[in-house]
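Both complexes below contain chain A, partnered by chain B and then by chain C.
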Partner chain A sequence: MALLQHPGYEEEKLQRVAEQLPCREVQAGTLLALMGQPQQYSYPSIFIYGHRASGKSHVMNVLLKELELPHATVSCVECVSVALLFEQVLLSFFGCDAASLLPRSPSLSDFVRIYREQCSQSPARQTRYIVMEKAEILRDTDANLLPALLRLQELVEDNVTVILLSEIVWDTFRPNTGCFEPLLLNFPDYSKGELQQILSQDRHPSYSAEFYSSYINILLGVFYSVCRDLRELRHLAALNFSKFCEPLADGKVKETDTHKLWRNIEPHLKKAMQTVYLREVSSLQWEQIQQMEEKEAGVLRGLSAHTHVELPYYSKFLLIAAYLASYNPARTDKRFFLKHHGKIRKTNFLKKNEKTSNHLLGPKPFPLDRLLAIFYSVVDSRVAPTASIFSQISSLVTLQLLTQVSHDDQLDTPKYKCAVSLDFICAISRTVSFDIMKYLYDFL
Partner chain B sequence: MSKRKVQNDHMPSGECVTQLQTILRKRLCHQQLPEKLEGVEAQHKHLLELLKQTAIHGESNSVLIIGPRGAGKTTLLKCVLRHLLEEKEVQKNLLQVHLNGLLQTDDRIALKEITRQLNLENVVGDKVFGSFAENLAFLLEALKKGDRSSSRPVLFVLDEFDLFAHHKNQTLLYNLFDVSQSAQAPIAVVGVTCRLDVLELLEKRVKSRFSHRQIHLLSSLTFAQYLERVRAQLSLLDDFPETKFAQNWNAGIETLCEDKSVKEVLQRHYNSSKDFRSVHMLLMSCLSRVSVAKPAIKPVDLLEASRLCLADAKANMLHGLSILELCLIIAMKHLNDIYEGEPFNLQMVHNEFKKFLQRKSNSMYNFDQPVVMKAFEHLQQLELIRPVDGSSAKTQREYQLMRLMLDHSQIMEALQKYPQCPTDVQQWAMSAFG
Partner chain C sequence: TPRHATPSIPSRSLPARQPGNVLEEARIRLHVSSVPESLPCREQEFQDIYSFVESKIIDGTGGCMYISGVPGTGKTATVHEVMRCLQHAADVDEIPPFTFIEINGMKMTDPHQAYVQILQKLTGHKATADHAASLLEKRFSNPAPRKESTVLLVDELDLLWTRKQNVMYNLFDWPTRRHARLVVLTIANTMDLPERIMINRVASRLGLTRMSFQPYSFKQLQQIIMSRLNKVKAFEEDALQLVSRKVAALSGDARRCLDICRRATEICEHSAAERSATGLVGMSHVMEALNEMFSSSYITAVKCASVHEQLFLRAVIAEFRRLGLEEATFQQVFVQHQALCRVEGLQPIGVSEGLAVCQRLGACRLLLLEPSRLGVLQRVRLNVSQDDVLYALKAD
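What follows is the complex of A and B.
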């Protein structure tokens, strides 16, 4: 492991930093070189971008904590108003007295004024760092905030550096009239080998390192093509390890018998991708499933299986009618829903050269009249158009099974769209024994 | 550490490098004022004369300094002020008010700031004012009474001037210009802005009161001058304590600037922008590589720094995508090619991806729809794809129309660099008929 080196800091501390940053030595070294010695000036603003869980915050935190540099770490998600941001910065640089000087709803001007006053009392002997996590949220706040932060060093005349961390590239941040350009720094993704190395570090003490690392290898074999997020992978590794060890505990296989272990765990991991990875079943449920021997994983119904909704009889037909109206072209209605539709030649009717089906483009809006016409044709019995039918339509809208498209006219000619999936509508029509597939133009 | 403390006539090299870093960092990062301005002598003279008129003769003036970002507007102003304050009389008399459009976002805040900077808080304290103009007039009145001499000149510096033009009714600007036109108190209003069309932003009455004096800072740097400035930025001055080290360093910089590959790199940067701040950024990343073990900047450092500067950020992000996400991007690229840039939704992308899988009869990438959706959403979070309209709540997620924010060449380049890219995926990306 290449040690970090910089003359401004004690070697012991740097050693400790290096130990905590596996596979990020290069980036930490670059950052350290940019930051320079504590008393020297650093670049006014540094923008660090990289994928989720590529160690941006971690590297920054470890560096600033271990080297004992004055810093304020602010998450932009937490700072719903700029007042919180200012307070946090002043608090961590000058103590709570300074933070209490802020007026009720502070402007940037107040912040800079108080910062300057405090700064003249206790000038920086070391570079102060403001770390902004999730900096992409700054774009949505006050338009002046980001440009002002980028040139904060100039505005407050203090040795201060603002570090922005984000997943999104800098190009989308730039304001209209430009700003002080920050120094861009990329944190590249971890390669497969690096992921393997980092994940193998948190091994279980009662098993050997090789054993755990072979487990990680299998895990990456399944998940690597889908997910490269270290945190997600680590979570999955922790969840499924007990299952991996099961055959060992039963005494069926030895630690070295990788092939058998792989055969045991692979279907389990594949199932995990469909369930735990998508948060269909929670981690707790997943652990419970693993405890229960006889119950197969995935028998427990996940979140999406609960989408089954109990609806009144007519509501079901209304929803079916809405689905048919949304996904069928209006010119085919006659053919599907009229008893005596006259002669339509099949070749003419089924224009197979129509390129894209409606199930690819999504639902089309339809007027209320069409919905009711289809509804009366699919319901066998005679239904009076009572108030209850109409209120059921509007309650379907509140349940977000239908969406109203244009808001311009509430009463006259409302237009709707059907917002349910094919699976859902199939399940509904099965309960009223209606064969929806026969009526869908796309599936003829 | 102990080794470096050996007493010697010379400063140890570690100290030298530290000293060097301190000096150069101050120059590059902190925008330290240079000794002498180059290339803007005429502008400097003009502004200095103008401000002298106000400071000494009590004449009211207004002027706008206009130039692109990083052209040295603030530096020019600061240099002029430094020269101006060298005179005793000016030093005693002149009051300065510095406002910034980024900080003083409306007139109330700006007025408070003016009051504060003129040290009039104790005077204004308990008085209640009606209009804004009354308040401002009082402020200036107070200035007159403040000193024995009949009136003291005030210099108003409005940084980011164009943002002040967005204030309601432009009251502050109107009053400032009005005072500079009529009232007795001599004031000078100096606006600093990067917008060339700033006069179009002003209201008619404000515009008519402005003196229409403009100082343009448009860089007319030739490449030779550019190179010379780079050299000057990096060179050490004579006051460096260790002469030997300084000489070596300066000689190193000299040879660096002579180097052919370095010239090429700088030419490329010169072609993309003459703005000096971007060069500072480049030099800063070079300087950060200087250490005790390597006390000189080598051409390699500059090449590397330039490579990092010019790297395409989106390509970097594409490098870190999972193979599934990359496949989705390729599918989107095909959709874009076929339908000529029409927006697409997840269903279409997935359909395109499934076509590829069928053709290849390869079950390796056979993922469920929810897994694909998760990957799709990740792409959306990275803003590589963007929804066409903002109404996300109304349509189902899989039918929401999206646009790809990448162009063809970026995708192809990323594919070339992608680690262990499967051959069939690569071929699929190449094939024109998805």
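What follows is the complex of A and C.
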């Protein structure tokens, strides 16, 4: 392992850092070189970007903690107002006395003023670091915050460096009025070999390293094509390991019998991809299923299977009518819903732009009149247009099964869209024994 | 937090130096803030305002006057001069004594602050805006023996506009009261301001006493500078004429004219250090100052841009020609840029570098851009005319 080397820090501290950062030696080395020796001035702002779980926060945390540098780590998600951000920075640099000096709703200049006062009392002997996690949220705050943070060193005249961490590239951050350009540093994704190396580190103590490593190998073989997220893979590895060990505990196979172990675990992992990975079944449920021998995994209905909604009788028909109005062209209504229509063929009936399926283009808006017309032709019995029918329409809107478009006219001619899927509407129409497929233009 | 923190300029430790040579003296005399001894070329306007205010003060009545004119035509200076003369006349008991107060719309955070400032200048009391309005209302509508006339100067009138226009209404309504003895002089830039922004009942109270200040002609500008310099021999005749002709052709702004003259003396001083000249400001100095002040900085900015920035501007124009529109997305321009790179034999740049180039041009306002979070889909427009860009790119 290539050790980190830097003249400003002790050898053993660097050794400890290197141990905690597997496969990130290059990036840590670059950062160390940028940071320089503790008392030297560093670059005003560094922007680090990389995909989720590529070790951005971890590397920064380990470096700053192990080398004992003064730092403030701020998550921009938590800081809903800039006041919280300023408070946290002052708190971790100068203690709570400084943080309490901030007025109730501080402006940027308040922060800079207090920072300067405080740092003239306790000047920096080492570079101070402000680490901003999820920096993309800074774009939505005041327009002057991001440019000011980028040149904070200049503003407060202190040895301070701002490090921004984000999953988004710098190009979409740049304010339109220009700003001080930070140094850009990319954290590349982990390769398959690196993932294997990192995941193999947290092995179970009662099994050998090779055994766990072969398990990780199988896991990556199944999941690597869909998921490269270290956190997700680690979670899956922890969940499924007990299943992998089962034949061993029963005494059926030895540790070295890789093929049999693979035969045992592979279908199990494939099922996990469809259930646990999509969060259809929670991890707790998954563990319970594994313990219950007789019950097959995946028998339990997942979250998405619970889409069945109980609706009143006429609401169901209203929803069906809305679906038909949304996905059928209005010109075809006569043919579907009138008794004595002329015989029209689909081929010469088609307009040029209607050749693509409406189900690919999404629902179209329709007026209330058309919804009611279709509703009356779909329902067999005679229904009076009472208040309850109209209130059911608006309650379908509040249930988000319908959405109202164009909010300009609420009473006169409101327009709606149907916001349910084909599977859902099929299930609904089955309960009222209505064959919706016969009425859908796309499926003729 | 310091509660009563007032920003202030640090006091100077050394006294200001006396002017050392002719050019320095000329510069001090030409400074906009130095008050001239007389106001040349505004005798007629001076006379009109003077007689208007004087007659009102002598009669003990009130009235409004609206003064308009483009910036730098001496509106404020003339009114101040009038007030100085009237004050002098009051001191020697030619006319009854009066109080003069001045408010400026630009110096107020809110139009309603006008009441507060007027009350404070009249009586020295402080009050909230509403209270001050009612106090002033009472003061101007009730009869009081031995009340002095008040002359109120309202500068930058257009900034006192509110939605209900009550500030303007009150300002013009008070002089019409019987016991008010208030003369209101209002100054704004546009001639048709009463017709454009005031509702009828406000405009009618303002009345028809209007005066407009015409821009200076070149002869007048020349006269102004001569009177300012007042026998200090620092300029050549022709140089002065050039400045005044140029300024008169563009705006007729006396302040601009003075600025250019001052800059020309500085240039003259610099060049005198190099080689011993006549010591007078000549044609060449004035030409240089005029170029500095009037030439567009955009063309210089394009000329000094980097290779890829210039190439990007060319790509923008090429894309506009292809589309026949004055707008394109970054994506489209970037394709052109890459093609141009190949034609020029340069290494094509990546998308991030291209975006950086584009956004740098946007930051110095050569391009108009949408917010950068749209990425490659942001639309690009030119902020300068295509001819200017082509001229700047061709010149080298």
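Keep this in mind: the second predicted complex is superposed on the first by the 434 of 444 C-alpha atoms of A that agree within 3 Å, B and C clash if a C-alpha of one lies under 4 Å from a C-alpha of the other, contacts with A are read in each partner's own complex, and residues count from 1 in each chain.
In this text, a contact is a pair of C-beta atoms (placed from the backbone, for glycine too) under 8 Å apart; a residue touches a chain by one contact, two chains touch by 3 or more.
Source: prediction; values computed, not measured.
Asker: Kindly classify A:153 by the partners it touches after superposition: chain B alone (first), chain C alone (second), both, or neither?
Answerer: first
Asker: May I ask you to decide whether A:336 touches chain B, chain C, both, or neither, giving the answer as first, second, both or neither?
Answerer: In the superposition, A:336 contacts neither chain B nor chain C.
Asker: Answer with first, second, both or neither: which of chain B and chain C does A:376 touch in the superposed model?
Answerer: A:376 contacts neither chain B nor chain C.
Asker: Applying the touch criterion given at the start, work out whether A:50 contacts chain B, chain C, both or neither, answering first, second, both or neither.
Answerer: A:50 contacts chain B only, not chain C.
Asker: Kindly classify A:177 by the partners it touches after superposition: chain B alone (first), chain C alone (second), both, or neither?
Answerer: In the superposition, A:177 contacts both chain B and chain C.
Asker: Give the label of whichever partner, chain B or chain C, reaches more residues of chain A.
Answerer: Comparing touch counts on chain A for chain B and chain C gives B.
Asker: May I ask you to decide whether A:167 touches chain B, chain C, both, or neither, giving the answer as first, second, both or neither?
Answerer: first
Asker: In the superposed arrangement, does A:274 touch chain B (first), chain C (second), both or neither?
Answerer: first
Asker: Report for A:139: first if it touches chain B alone, second if chain C alone, otherwise both or neither.
Answerer: A:139 sits against chain C, while chain B stays out of touch.
Asker: Starting from the residues of chain A touching chain B, keep only those that also touch chain C in the other complex, and list them.
Answerer: Dual-contact residues (chain A): 169-172, 177-178.
Asker: In the complex of these two chains, what residues of chain B are touching chain A?
Answerer: On the chain B side, the touching residues are 14, 17-18, 21-22, 25-26, 28-31, 69, 74, 100-105, 109, 112-113, 116, 162-163, 194-195, 277-278, 281, 284-285, 288-289, 291-292, 308-309, 311, 313-314, 316-317, 319-324, 345, 347-348, 351, 364-365, 367-368, 370-371, 374-375, 381-383, 394-396, 398-399, 419-420.
Asker: Per the contact definition, I'd like the list of chain A residues that touch chain B in the complex.
Answerer: 5-8, 30, 33-34, 36-37, 39-44, 49-51, 54, 107-109, 112-113, 142, 144, 147-148, 151, 153-155, 167-172, 177-181, 183-184, 186, 188-189, 191-192, 224-228, 273-274, 277-278, 280, 304, 356, 359-363, 403, 417, 419, 421
Asker: Could you pull out which chain A residues touch chain C in their complex?
Answerer: Against chain C, the touching part of chain A is residues 103, 110, 139, 169-178.
Asker: Hey, which residues of chain C end up touching chain A in the complex?
Answerer: 1, 351-352, 355-356, 359-360, 362-364, 369, 371-375
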